Amino acid sequence: MKFTVNQIAGLIHGTVDGNGADIISEFGKIEEGKSGAISFLANPKYEAFLYESKATAVIISNDLKLKKKPLATLIRVENPYLAFTILLQKYQEMIAYVETGIQEPSYIDPSATLGENIYIGTFTSVKQNAQIGSGTQIMNNVSIGKNVQIGENCVIYPGVIIYSDTKIGNHCTIHANAVIGSDGFGFAPQPDGTFTTIPQLGNVVIEDHVSIGANTTIDRATMGSTKIGKGSKIDNLVQIAHNVEIGQNTAIAAQVGISGSSKIGNHCLLGGQVGVAGHLIIADHTIVTAQSGVTKTVKTPGQTLGGTPASPNVDYLKRNALIRQLPDLFEKINQTMNLSN
Amino acid sequence: MKFTVNQIAGLIHGTVDGNGADIISEFGKIEEGKSGAISFLANPKYEAFLYESKATAVIISNDLKLKKKPLATLIRVENPYLAFTILLQKYQEMIAYVETGIQEPSYIDPSATLGENIYIGTFTSVKQNAQIGSGTQIMNNVSIGKNVQIGENCVIYPGVIIYSDTKIGNHCTIHANAVIGSDGFGFAPQPDGTFTTIPQLGNVVIEDHVSIGANTTIDRATMGSTKIGKGSKIDNLVQIAHNVEIGQNTAIAAQVGISGSSKIGNHCLLGGQVGVAGHLIIADHTIVTAQSGVTKTVKTPGQTLGGTPASPNVDYLKRNALIRQLPDLFEKINQTMNLSN
Amino acid sequence: MKFTVNQIAGLIHGTVDGNGADIISEFGKIEEGKSGAISFLANPKYEAFLYESKATAVIISNDLKLKKKPLATLIRVENPYLAFTILLQKYQEMIAYVETGIQEPSYIDPSATLGENIYIGTFTSVKQNAQIGSGTQIMNNVSIGKNVQIGENCVIYPGVIIYSDTKIGNHCTIHANAVIGSDGFGFAPQPDGTFTTIPQLGNVVIEDHVSIGANTTIDRATMGSTKIGKGSKIDNLVQIAHNVEIGQNTAIAAQVGISGSSKIGNHCLLGGQVGVAGHLIIADHTIVTAQSGVTKTVKTPGQTLGGTPASPNVDYLKRNALIRQLPDLFEKINQTMNLSN
């Protein structure tokens, strides 16, 4: 990559303060900035880095009042973080190398339906009656089961396994070795202590603009569908059990586990390693902090929850603070009340 | 699917109350029941749904006394949940499309031994001296290592990796991208701070009727065998470390981690995200609630444990209740004793 | 395997006490020792097993003073655990069957560069401009992305997916179905509640002698590199987020999750299911006990931390002990102060 600061400012509608002819050849963090790099300053907490940065250019806010003159050429915009993101996106589009065609050896059942301008990589299997929408890229070593429907302009990374009957919308991304549509964990205990297997006859339905992380597992429903709503983003190693429904634009961080039949609302955020028990309903705009365990339905939208069992996070933090005071408490009480005897 | 209520009642030995000629075309939950669907009512908690359900037929208990007349035709049986499960199983058998034969391209070493009526999917590798029992289906993109033995009537889903020397019994199911027999995490710290690798020369032994979830990992033993007992069921993303032994008919929910050399008894239930430390013994019929961490051997069978470190669940719940009372306690004590100074 | 005790003693520079002509045919644990097995006693805690063991030979310390005469022939060495590990390593080398060559069908892009004596298994894809160092074994069903560099004498197990631009050093081991270089979880919330995707343009860099477990995921950096330092060992199902840096000779147990941009020092030990929040720095020689959650930067090296939020483990254990005393405390206080009203 090689652009002048002026060219970049043009792309993001910014104003140049400094030498617009400087050459930019890479992106970098402001604290690691080096010659040739462009960086950004969004969080005022990091303003000190601006004056030390050796980056060639830094994107800053129109509103920022400088305490002293930085070394870098500045590009002023309304929203530096958004401007930088747009810059990354434009660069990514520029360098993206979209392959099309069917690469051999691969296996495509004659009954499958393929859209236009698709790519299918080596050692990928597409089974009976599967449908792949136009512009979708299916990388190598992928398994597309019977009757699977995948929409347009999706990217399915290597090693992904999609079981039969799964439906995936448009503009979805599924990262490597994720498993979609495996059997739900349904076993009924018998009087003799063994388990009988409850057939899992449903499927998984994933709406448009969903992203699913590497090695994540989403089980098919026992009956009906496990659902992931439009625009939701799921990180790596997440477990979504049978009959779960995730709303729209909800973000789920790595290693979260959601038990069977729970319904997560729209615009929720679940932190890493959170667990959600089964058959719960979580209201819209709920935030659950990392490692918490949600054990009850959350009716009031917009709450931040923490701890196991999860409660409003302020209460959880307050209790944690008091727990840290327990040694003092016990000591004083022991002195006063001789509790230890 | 298209059956009359009478036909279905015949399959599950039930008594029809209503129009036995009604046509059933799908399964459904009682609360979502719609015309053409058959559902069931097992838990009296949901009885209210029975009177509102638009399902065409509902399977209920012989003993249930109706409060009013439901819209649906009823099929009365002794155990509605079991009857419905049997119905699902019979339906699954009916629709199951069992493929046989070896699909090309696949790679089967000439020294491998294959039973009758097996299926091997595309891009699957079967290595030296592997043995596959009759009726076993190995889907596409699977890796069967050297000397692996797989019994009869197993289903190995796409992307499963089975390392050398693993032994798997009959009627086992292994879901996509699970890894069986990878090296245990054995590294001995050296005086200079580096690690030396302890060779993992053992294997994994899985008995009959075991089910293993997607993306689950089961490590081979350092010496001897990591063992999964007959009839045990393991969910997705579970980690079973080297030399662990799981008893019979034990159920392990998603994202559980069991550390090296621990022995879990028979008929245990481990909730989601539970952790078990190394070298422990967990007695039969132990239940560990979700997210708990077991740090000590559990000698008394039949306990329910909760929390980290895990203790009897009633104690854990009681302590949690008291922790929620800490703010009040501190306030009152501060008033009385001036603890804050 | 068939060796005399004398031959084995020669390999590990030990002194034989007993019948050096005894034949050894397998390795075993001292508590399970049977005729033909060789075992070792390192931890004095297990000394009682020595006198009961039916193993043919046991490796013990030069310093151990026997309480009575064991049945087994003894081999005395300075460090029994190390001697036994060396024995396992030598045996592993002896039985190792190193395949070389390119097994068909596999797909290697003509622009890829391959070292000498490499092995590439069936159904493996090696993409444009990838470089594979000499002596490296890439098993079957592996995906090596564009511009990936892999050093010498590595072992990449089946099903591993390595995204483009990843760099891997020499003597690394990556277990089955691990994913290296998937996109970091970067989504910027928009005013309308949807997310825009932040391109992940960086890569993953793995130094020499690193081991990575099955189904582990390591995300590429947004900009720059996610880094795993020399000699570090990572277990199964671990999540390493974008821009994380792991130091040298650090061991990370199964199901740990490390959030974006955190830096873990050298010689750290993270127990199973630990979570580390984002943008933290963890000092060298830090030990974090299993299931703990680290929420703040750890500046002082050499601490052992426990709990969520993690604190020095002694404090965490003390608080846990006090929490277990809460029922008594509440009862006594209620008696004294009538807190319940």
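Just a few scattered comments:
For reference, chains read A, B and C in written order, and residue numbers begin at 1 within each chain.
Just so it is clear, contacts are C-beta pairs under 8 Å (C-beta built on N, C-alpha and C of every residue); 3 or more make two chains touch, one makes a residue touch a chain.
Since we're looking at a predicted model, the values are computed, not measured.
Simply put, subunit A must spin 120° to overlay its Cα atoms on subunit B, rounded in steps of 5.
At the interface between subunit B and subunit C, two copies of one sequence, fewer than half of the residue numbers in use appear on both sides, so the contact is built from largely different positions. A separation of 26 Å divides the Cα centre of subunit B from that of subunit C.
Those residues of subunit B in touch with two or more other chains are numbered 105, 123, 141, 159, 177, 215, 237, 255, 273, 323, 333.
Contact residues on subunit B toward subunit A in their complex (touch as defined above): 27-29, 32, 81-82, 85, 88-89, 91-92, 103, 105, 121-123, 139-141, 157-159, 173, 175-177, 209, 211, 213-215, 231, 233, 235-237, 249, 251, 253-255, 266-267, 272-273, 290-291, 320, 323-324, 326-327, 330, 333, 337, 339.
Listing the residues of subunit C that touch subunit A in their complex gives 105, 107, 123, 125, 141, 143, 159, 161, 163, 177, 179, 182-183, 185, 187-188, 193-199, 201, 215, 217, 219, 222-224, 237, 239, 241, 255, 257, 259, 273, 275, 277, 293, 308-309, 311, 315, 318-319, 322-323, 325, 328-329, 332-333, 336.
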